[in-house]
Amino acid sequence: MSWSRDDLVRRAAAEVRDGQIVNLGIGLPTEVANFIPPGVSVQLHSENGLLGMGPFPYDDEVDPQLINAGKQTVTALPGASTFDSALSFAMIRGGHVDLAILGGLEVACNGDLANWTVPGKLITGMGGAMDLAAGAKRVVVLQSHVAKDGKPKLVARLTLPVTALACVHRVITELGVFDAAGDHFVCVERAPGVGDGEITRGTGAPVRFA
Amino acid sequence: MSGKVYATVDDALAGVLRDGLRVMSGGFGLSGNAEACIEALARSGVKGLTIISNNCGNQGQGLAVLLKNRQVAQVVCSFIGGNPDLAEQYLAGTVKVELNPQGTFAERIRAGGAGIGGFYTPTGVGTVVAEGKEIRELDGRRYVLERPLRADLAIVRAAVGDRLGNLRFHRTSRNFSPLMAMAADVTVAEVDRLVEPGALDPDDVHLPGLFVKRIVEVRTHKDVIEFRTTRPRPGGAGGAG
Amino acid sequence: MSGKVYATVDDALAGVLRDGLRVMSGGFGLSGNAEACIEALARSGVKGLTIISNNCGNQGQGLAVLLKNRQVAQVVCSFIGGNPDLAEQYLAGTVKVELNPQGTFAERIRAGGAGIGGFYTPTGVGTVVAEGKEIRELDGRRYVLERPLRADLAIVRAAVGDRLGNLRFHRTSRNFSPLMAMAADVTVAEVDRLVEPGALDPDDVHLPGLFVKRIVEVRTHKDVIEFRTTRPRPGGAGGAG
Amino acid sequence: MSWSRDDLVRRAAAEVRDGQIVNLGIGLPTEVANFIPPGVSVQLHSENGLLGMGPFPYDDEVDPQLINAGKQTVTALPGASTFDSALSFAMIRGGHVDLAILGGLEVACNGDLANWTVPGKLITGMGGAMDLAAGAKRVVVLQSHVAKDGKPKLVARLTLPVTALACVHRVITELGVFDAAGDHFVCVERAPGVGDGEITRGTGAPVRFA
């Protein structure tokens, strides 16, 4: 039985270490904030210029000029700081963000990531994705194991346009947790009841089981 | 000293606007926009603009109004999702779009203002962004050479400004605005509140006044929220049962 | 969260100090120095240090104490006037000195902290500074390629800091300190006043806390003034007749 | 009769235009601040991180952490701002400083400037001199017309180590005001009673008289 959406997000939250600076990508990764284990204290970085991002505001606290990178209204926790975009991306590019949890379209076993565009679909732009992928100290990708048409999304070599090369450390899918290990993935954890065969069949690159 | 303060945004933009202008506009989506300046640009009818802004408006509002009016020839930005006007004109080939990784976008603007001729960034190596650009290995890591961005005009919004142009921004509305103010020949600041020199402590200034050539007080803004996300107040008087 | 706050500078520097360390030190001459950290470095007796600092002390004080103690092997700086200890050891060949134009010095440190692999600056073209470096013409202007500076340790002084490492500097004591804090593996901040998170408004933070790994409150400083220049108070009670 | 030290500084102050951002070099140029004509309002930039520098403080106002680039205690005028050194030199390098008035050792008629070191003398370092010379929109140099040994300091080609190439617009000496004009200087103003011959003899490059 593979992991549910919430299981997936909860498993991703277990990647977060106490004291880290963490950037959560737009979409599913944003929800990781809700599952960070008690006792683990992190500071959330939002690349539009906020460190120490808090939860969504109460209705009477909404500030149109206090938003996250997904343009949702948020709050600033005690100890937060605001800054311009050059400094925000200096943090990312300079390796000061300990962990980025990002969505993915394809991850190759050498750590290459594709998550910003699909040829033929309407282009939206990379936003901060390339900087985060190339700059964060550790990159964890949350994605489904295979595409809707059954095509593997963990692959030997990317077929989609690159976001950044050799940047992904770990991929979490509904089937388990996979580390990029060069010419293969290492499956370091399985969702309950998921067998080797299911994983191997759904993966477009060699998988070793830890 | 000849003053920097103008009574209206139209006055502040007078003599600067022309067809083909390169305009930097601060803000992230619709948040922290120089709304009155954008409206004045729309009213002016100038055409063939190059807009340098992270999103070029969104949801038909902000800078997207200039797109609707067919005043824009080119957009330099990092993200165009949620902007149907831009998508449509980009696909139709009537507006050119140059996409930049957001950090590269910010750093190119900073370089433009700081007299840096180019810089090497690891962002974009191996991607479409690096196509046609120099790739260089430095101390064992590969970098792309990126070049500065400059503009004729920057329009920025700040929470407070003094008569010398010193600005202070509110929360995440700072984003690209200080960088753009440095990188344009003329920067017009639209401030919620105009104060006398000395009202801002020197250590409280976010953007020193020498980067701002013209300043105008605009007390009200629409402050459109793209995604109004809230949480229920736990056990609050008005909370859901 | 495991805390960043240490009781003494010796605690804060424990486990970091070793011979051959590369140390960035904020301040301009003797103003705005992390005085207690410098004293702790002196006490520790570590040798063969590379000091990256605009002046490396002055008038026998500040970082010059490390020079007197023969703890320094190399200095990377922009100005060594008024520093007889440095001049003497430089001429004797016992300390290597790498001079940088001050703006290039600042920008190299920023690049080190910002993940920039190198940048092109017009400063230094045609001078001794450009010797052995790439010269490149970009858009009709000549530039020198300069490379990032990083360090093992940065020591900075700030007026206020909170437990998460957010810092605020006083007046011209900011100078290189925020840049150095970004460019070192470990940054120790010595603050006049330590406050709780939330005491500093997010918009009032000069240096976000993620750049500071360790923080220690040091309430008193010598604050040596190199040139105490004043003017008479016109007609003041204590004015000269 | 050539200009006195004060005449020289007063003449330099006449270079300053209303509304300008001005950086005054260490030493003689610093004194220009005392001679800026009434009605001319400028903001003084000090490269250690201050715009809007005021006069020396009253005795009871002295702040050890408020100094100029010469490490003298100063004040901040209403409307002043403080910033880090990267932004301070972004101002200089980016052409946001309208005028720099600097000391000189040698100026060539093509605008090359030497003002930071003399071979054989104790080296002090260039500090901000190279950035200011290369970056300010207009560079005016204050110096004596000839060295103590009578050697010209306005020359056809520098003999001393370069600070920046083709950067000086104007040189003010005790004999007059000279613009760098490529292969010659143009004398645009003379101190009272100074003749062509005196200038020509003391100048190591061709001089035209405007």
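Order of writing sets the labels: A, B, C and D. Residues in every chain begin at 1.
Everything below uses one rule, namely that a contact is a pair of C-beta atoms (placed from the backbone, for glycine too) under 8 Å apart; a residue touches a chain by one contact, two chains touch by 3 or more.
Not measured: the values here are computed from a predicted model.
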C-D against A-C, pair bridged by the larger set of C-beta contacts: C-D
Of all other chains, the one whose Cα centre sits farthest from chain B: D
Cα-centroid distance, chain A relative to chain B, in whole angstrom: 27
Cα-centroid distance, chain A relative to chain C, in whole angstrom: 36
CA centroid of chain A to CA centroid of chain D, Å: 54
Sites on chain C at which at least two other chains make contact: 107, 110, 114-116, 121-122, 169-171, 202-203, 206
Chain A, residues touching no fewer than two other chains: 50, 76, 82-83, 89, 92-93, 135
Complex contacts: residues of chain C adjacent to chain B: 107, 111, 114-122, 136, 138-139, 141, 143, 147, 168-171, 202-204, 206
Interfacial residue positions of chain D with respect to chain B in the complex: 18-19, 21, 41-43, 45, 50-52, 76-83, 86-87, 89-97, 135
Residues of chain A touching chain B in the complex: 46-50, 55-59, 61-67, 69-74, 76, 82-86, 88-89, 92-93, 112, 122-131, 134-135, 161-165
Complex contact set, residues of chain B against chain D: 1-2, 110, 112-116, 162-164, 166, 182, 196-198, 200, 202-203, 205, 208-211
Residues on chain C engaged by chain D in the complex (per definition of touch): 28-32, 54, 58, 77-82, 87, 90-91, 97, 99, 101-107, 109-110, 121-129, 169-179, 206, 223-233, 236, 238
